[in-house]
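Listed after this line are the structures, all set down as structure tokens.
In what follows, chain A forms one complex with chain B and a second complex with chain C.
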Partner chain A sequence: MIAYIIRRLLLLPIILIGVTFLIFCMFSLLSPMERLATYVNDPSTLKNPQAAERIIEKYHLNDPFPLGYIQWVKRIAKFDLGWSQAANQPVWDAICQRFPATLELVIYSIVPVILVGIWLGVISAVHHNDIIDQSIRVTAIVGWSLPTFIFGLLVLFVFYGILGWLPPGRLSTWAQDIVYTGTNFHSYTHLVTIDALLNGNIPIFVDALRHLCAPIITLSYVYWAFLLRIARSSMLDTLRKDYIRTARAKGVDEHTVIHKHAERNALIPVVTIAGMLIIGMLGGVVVAETVFTYPGLGFWAATAAQQLDYGSVIGFALLFALIMVVGNLVVDVSYAFIDPRVRLE
Partner chain B sequence: MNRTLRKLFSNATSLLGIILLVFFIIIAIFAPVLAPPLSDDPYQIPRMSWDVNPQPPGFPMSDNIKDMYKYIGKEVKYDKAICGTAQGGYDIFYGLIWGTRTAFKIGITTVFSAMLIGLFIGSIAAYFGRWVDEVLMRITDIFLSFPFLVAAMVLTTILGRGLNKVMIALIAFGWMGYARVIRGSILSAKEETYVMAAKALGVRDGKIIWRHLLPNTIFPVLIQASMNIGTMVVTAATLSFLGVGAPLGYADWGQMVSFARNWIVGAPGHAGQYWYSVFYPGIFIILFVLAWNLIGDALRDILDPRLRGEL
Partner chain C sequence: MKFKIFGIMLLALLVSTSFAFGAVKNPDTIVEATIGGPETMDPHWSYDTASGEVIYHTYDCLIAYKGESLSEFVPMLATEVPSAKNGLIKDNGLTYIFPIRKGVKFQNGDILTPEDVEYSFERGMIFDRSGGPVWMLLEPLCGVGSIEEVATKVTGVENYGDMFDGDELKPEYKDAMTKVYTDYVDKTVEVDGDKVIFHLAQPYAPFLNIISHGGSWGSIIDKKWSIAQGAWDGKADTWWKYHDPKCEEDPLYATANGTGAFMLKKWIPEEVIMLERFNDYWQGPAKIKNVVIKYVNEWTTRKLMLQTGDADIVYVPNQYMDEVTGMEGVRVVEDLPTLQNAVSMFPWIINAEGNPNIGSGKLDGEGIPSDFFSDIHVRKGFSYLFPYELFIDKIQKGRAIRNPGPLVKGLLGYSDDPSLFYNFNLSKATEEFKKAWDGKLWEKGCKFNIFYNAGNDVRKAACDMIAAYARLINLKFKLTPVGVQWSSYLKQFLSEKLPFYTIGWLADYPDPHNWIPTYIGSSGTYSAYFGKAYGEFAKKNIDPLIDKAIKSTDPEERAKLYKELVKIAHDQAISLYLYQPIGHHVERDWVKGWYYNAIMPGEPAGADFYSLSKSE
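So, the complex of A and B:
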């Protein structure tokens, strides 16, 4: 167990070097002028050769490739990621400012995905091949085929266009006035729903939740469809095992067989996949936030990409890759805790 | 093989998948007949008007555009927007038809190239083992450390707009799954006696991989490939939707949906008045992906020996 975790931790620096190197390679595909532009907050500087020269000197943009990489890593270690034109502030500040909004969205999306996905998957497996199973399967495969951005537009159309229940954005204008400029509202966590509760301001809480609902539905739909399929096939596999037959032969009642004997074993692979799914949600965030103009990291990155604001895009890629690396590590280690067979390798 | 095909055709869901796929293949083949191109680049969607607003189905081509075509000496073979026009007067019907070709082009090119890279890296890693395996698999891990959509978006942004750039980005971050699957299969297959025999006879390593190992291990990879075509097409469409994919006016379903984005809610009191601008391209993307997913799903069930006899 310890050996496995140590081996896994030793890999971490290698992966980190590889990931940063890959991003630096992509960065190097840009022309020198475009690279220069990512560090400039005023376009007129580029027209002034001396100023441009100073920035090239300062950021080592003319260094040979390996030296350039080392200088670049040193800079990102100091959180100097350049200037974001899309946000009109340094990239790192832009990330810090938008991170809570995205975190809030992801946290609220994970819970329904895992609960609904696993629950339906187990039901589907227990009722293998009858009408319940068939209809759940069809819903799942249609869900899996429904691209996030189309589903998001559908949600926007129904819940905003027709019903007017779930508006886009993060807060209504009146709520923004209170949260961002008001004097009585304290932002403890920057997660608006939690802050609203801590401040005892129920209308703000309701407003924030109303804005969150649509992106949550959009983000979670695809993932519960996927998780359902994994849970179903894993459960089907387990139900065919000998010890299940033994339990049934001994006269254990069906409820205990399914929920005590089968489910616990069947859900082991589901846990890893669930971990990977949560990480995979990071991609869906870009789409869900863009559709609903929800002011998080994904919306910012998509806007930056449209404006060819390379500094922001690179910073965004770096952040998400790091989150994913750490997330994968956590999943692997927790998997070793759950499934003893992994440790033996 | 025959048994597989028979099963594919006898299963209701996979049959639906096949029918849908045939429908799309026919559209792609007969695109020049169904929607005759008006400009030299057939993938450029013709505009029916210079108006920003989407126009309802049956909207006739405006006179000044007809005059323009007459002026440059092009024959206008059709002058009605059967499915309406998208934002900017782009003809939806034309975009749907030629977008089918785009979808096939993206799906098949990216999946085929990604599969080749994956097969190459995975089989070499598994066959030679030890440090070769270690190095190649760590490289695979590094590429897997990016959410696919994010990686594709970043690389496309850096390379610049255009369909080829999108495909390069999708291939660059799309090969890892194949490498892992083929590595797993070859790791277990290389201990088989026929490989030992080939080695004992002095057959070259490359030939053992190519002639003996790959034909015996490639099936799971092919299933994965068929399921991946849908994913690749959706990702490309998503990139277009986010505004970093195909250039403006290119016949691409994702871009047509992004055209519809600003109009989906409609004017106050007229919710859904522009339904056609998102409905048609949306339904085409969904059906295209569904077709591949249904076929891939059925193939997996049929070829998975554990589920045999239960279908």
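So, the complex of A and C:
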């Protein structure tokens, strides 16, 4: 197992070089002045040729491709990702400011995605082709095919507009006053729910949770619908296996057959998919954050892309690529842990 | 079973923490939901309504408009409004005297002095950032449009930048540059005991209007505190180091300490502004304890915030007014006359450096050349392409009127003459486009981005219509509407990178001189960024008339001159004059005390928060 992990870790830098190289290739398709524009906080600088020339030199934007790549990677290593026009601050600061909000949203969305997705997938397979299976499948198809934007607006309208339960944003006005101004509130993790608990402030915990619910519902519906389909087909495959038939023939009760013998094996491919799905959710938060005015990475990235803010888009792409690479490693390792055949290969 | 219990508990929690409909929410806080956050907190940088709305409440001016009036004033940090009658305007309008109020506290506890007032105006004049508002002080006080103009006059160099080696002033210019302050700036504002005296370079009728405008250049800042923050040290031989800084490098960019009714508590760009009541405010503390301005670009979210009472005041674009009219618990005030307009700009020269907005940069069907709009037929083509009446009827729901040029209804020189209006006419548009660029435009087509500020759905609709009709008359005309966050939008137009953008103007003071130079003068707030070719055209054809108009004291002559200028704007199709909105204000009915002043930043959507309270 350790040898497997070491092998995978050794591959990590190579993958990272590949990913950054590809992003740099795309970055290089821009003209030197367009690349320069991603580093200046005031576009008027571009009107002064001498000032522009100084910045081009400083950032090695006219260097040959290999040298340019090395310089670019060096700057990334120092967290110099340029200037975000959309956030009106350095790209790295924009990421640091918004990442905790998105992370918090994704962490809370994982729970319903995995629990509901797998649970319904198993139920659906067990009740293959009967009314329960059909109802679950229809729900899944609706979830998978309904545009997230429409579903989000529906959730907003019902749970906020009519019921008044789940407001948009990240915090209510009174809670913003406490959290943002740091009045008797210390941000340890910048995950508001966790910080609220660490500060012993239950009303803020509840308020943050209320604000998270609507984007979680929107985000998780799509993903659990997908996971449900995977879990269902995997479970159906497993239930047709010989050892399941043998277990039943031996007189093992149905609950044990399903939950002890079938479910564990059926969930091995689901774990892989679930891992990648969770990582993919970081990229999928764009719509949910936009609809609910949730101040996270997705909201920022969407705004940046709309206004051709290359610096922010590249920063977001780099961050997302890094998360994908590291997340993939974690999934591989956990998969190897669950299924010994993987590490033996 | 456990899940059921958990579900029931969660539901109970949500319901118990939800609000009760009908009750006043956040009774000591006003929440405004709007679009487009501020660019800065520095009064001398600020020249947009979003920044102005915040600065208006954190700083005070010497005098202010009296309630809804645009011609009467009340004393603020001055104890009297100068007039010829009370002897505080002298020398045929060349000297204005302001007795300064005693015992007024800044928010950090410092006491206001006449030196603070002198410092505020002088700092404004030396600061004079590109595209900023300080020309309004320099014009009456120094007789020029920018401090760089004074500097080049004193030093004799052609370009201000020639005096610098990088960021450092060349030693040979130091004495002359010091004189710019001592001989010009310093002499315009002087302290005499408890009074501050302004010496004007020329009689200037709108001077009191100019300095009474809250939210920017007229604000009084704390000298001691500003210097401690790193702003200009008040010395004659350093001023150029503090002139025209970069927005985020300005020491007062994100901080505030005025004498205003509210203190800046927190600013998260493009997300939220939080203000807190200043309890030592010289007029007495505000009734409301907190003000929260939330920047929510999504209309549905803003609407639901209003409906649920989470927002007290909401910006509602005209096309959505039907959705709030009749909404329970909501008050809609309509038909408010405005002094604002919206115009789409055609810069004659576009900055092509690092600019993805003009595609290939050539007239090859995949882009446009940087001087695309210098061809009058292109400008006229677009002027015929816009469906003015349809737009006002369907998008604005009739809540707007047309303007013939850069002048809005209600100002001297405005004319309803039909010959000054372009009308929607696809045949004429086609005819003009066919003539443009010797027929090459029609043959090859064009591709470029057209801009509006994100969240402004009215301007988005205007851009969508232009793009759609352009495509309709020629499939090779590919215009892509792009929404940009407000704070970034302002920077981008200053960098001349936007090929076609829609922007508006809210009067700084109710006089045509605040509109005509802005839109068509060679050094206008907008038109100065149309490129060198336009600048030369304006210097020759427009500036002489503007000068004549501002110097004239005969209203009839002035009106005639402004009409002539509007005709030039029309004949040259300098810009696309879209509409003058008819204003409205939407608030929860528990908000009390709102009034309307057409010049106040943020109005009519926003409010003077000091006057507001909340009760059933």
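By definition in this document, the second predicted complex is superposed on the first by the 338 of 345 C-alpha atoms of A that agree within 3 Å, B and C clash if a C-alpha of one lies under 4 Å from a C-alpha of the other, contacts with A are read in each partner's own complex, and residues count from 1 in each chain.
Definition applied: contacts are C-beta pairs under 8 Å (C-beta built on N, C-alpha and C of every residue); 3 or more make two chains touch, one makes a residue touch a chain.
Just so we're clear, the structure is a prediction, and the values are computed from it rather than from any experiment.
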| item | value |
| --- | --- |
| Partners on chain A (chain B, chain C) - clash or fit | clash |
| First, second, both or neither for A:V313, with chain B first and chain C second | first |
| Chain B versus chain C as contact partner of A:G280, first or second or both or neither | first |
| Which of chain B and chain C A:F157 touches, first, second, both or neither | both |
| First, second, both or neither for A:L212, with chain B first and chain C second | neither |
| Which superposed partner A:A266 touches (first chain B, second chain C, both, neither) | neither |
| Which of chain B and chain C A:L11 touches, first, second, both or neither | first |
| Which of chain B and chain C A:V222 touches, first, second, both or neither | neither |
| Touched partner set for A:A301, first chain B, second chain C, both or neither | first |
| First (chain B), second (chain C), both or neither touched by A:T290 | both |
| Region of chain B that runs into chain C when the structures are aligned on their shared chain, from 9-17, 27-35, 45-53 or 117-125 | 45-53 |
| Interface residues of chain A shared between complexes with chain B and chain C | 30, 153, 156-157, 160-161, 290-291, 306, 308, 310 |
| In the complex with chain A, residue positions of chain C that touch it | 13-15, 17-19, 21, 26, 29, 31, 130, 161, 246-248, 265-266, 268-272, 274, 290, 292, 294, 296-298, 300-301, 304-305, 307-308, 310, 351, 353-357, 449, 454, 482-485, 487-488, 491-492, 494-497 |
| Chain A residues touching chain C - in the complex, by the definition given at the top | 30-37, 41-48, 52, 85-89, 153, 156-157, 160-161, 163-169, 172-174, 176-177, 180-181, 203, 206-207, 210, 213, 290-293, 295, 303, 306-310 |
| In the complex with chain A, residue positions of chain B that touch it | 13, 138-139, 141-143, 145-151, 153-159, 230, 234, 237-238, 241-244, 254, 257, 260-261, 264-266, 271-272, 278, 282, 285-286, 289-290, 293-294, 297, 306 |
| Touching residues (chain side chain A, partner chain B) in the complex | 11, 14-15, 18-19, 22, 26-27, 29-30, 138, 141-142, 144-150, 153-154, 156-157, 160-162, 237, 279-280, 282-284, 286-287, 290-291, 301-302, 305-306, 308, 310, 313-314, 316-317, 320-321, 324-325, 328 |
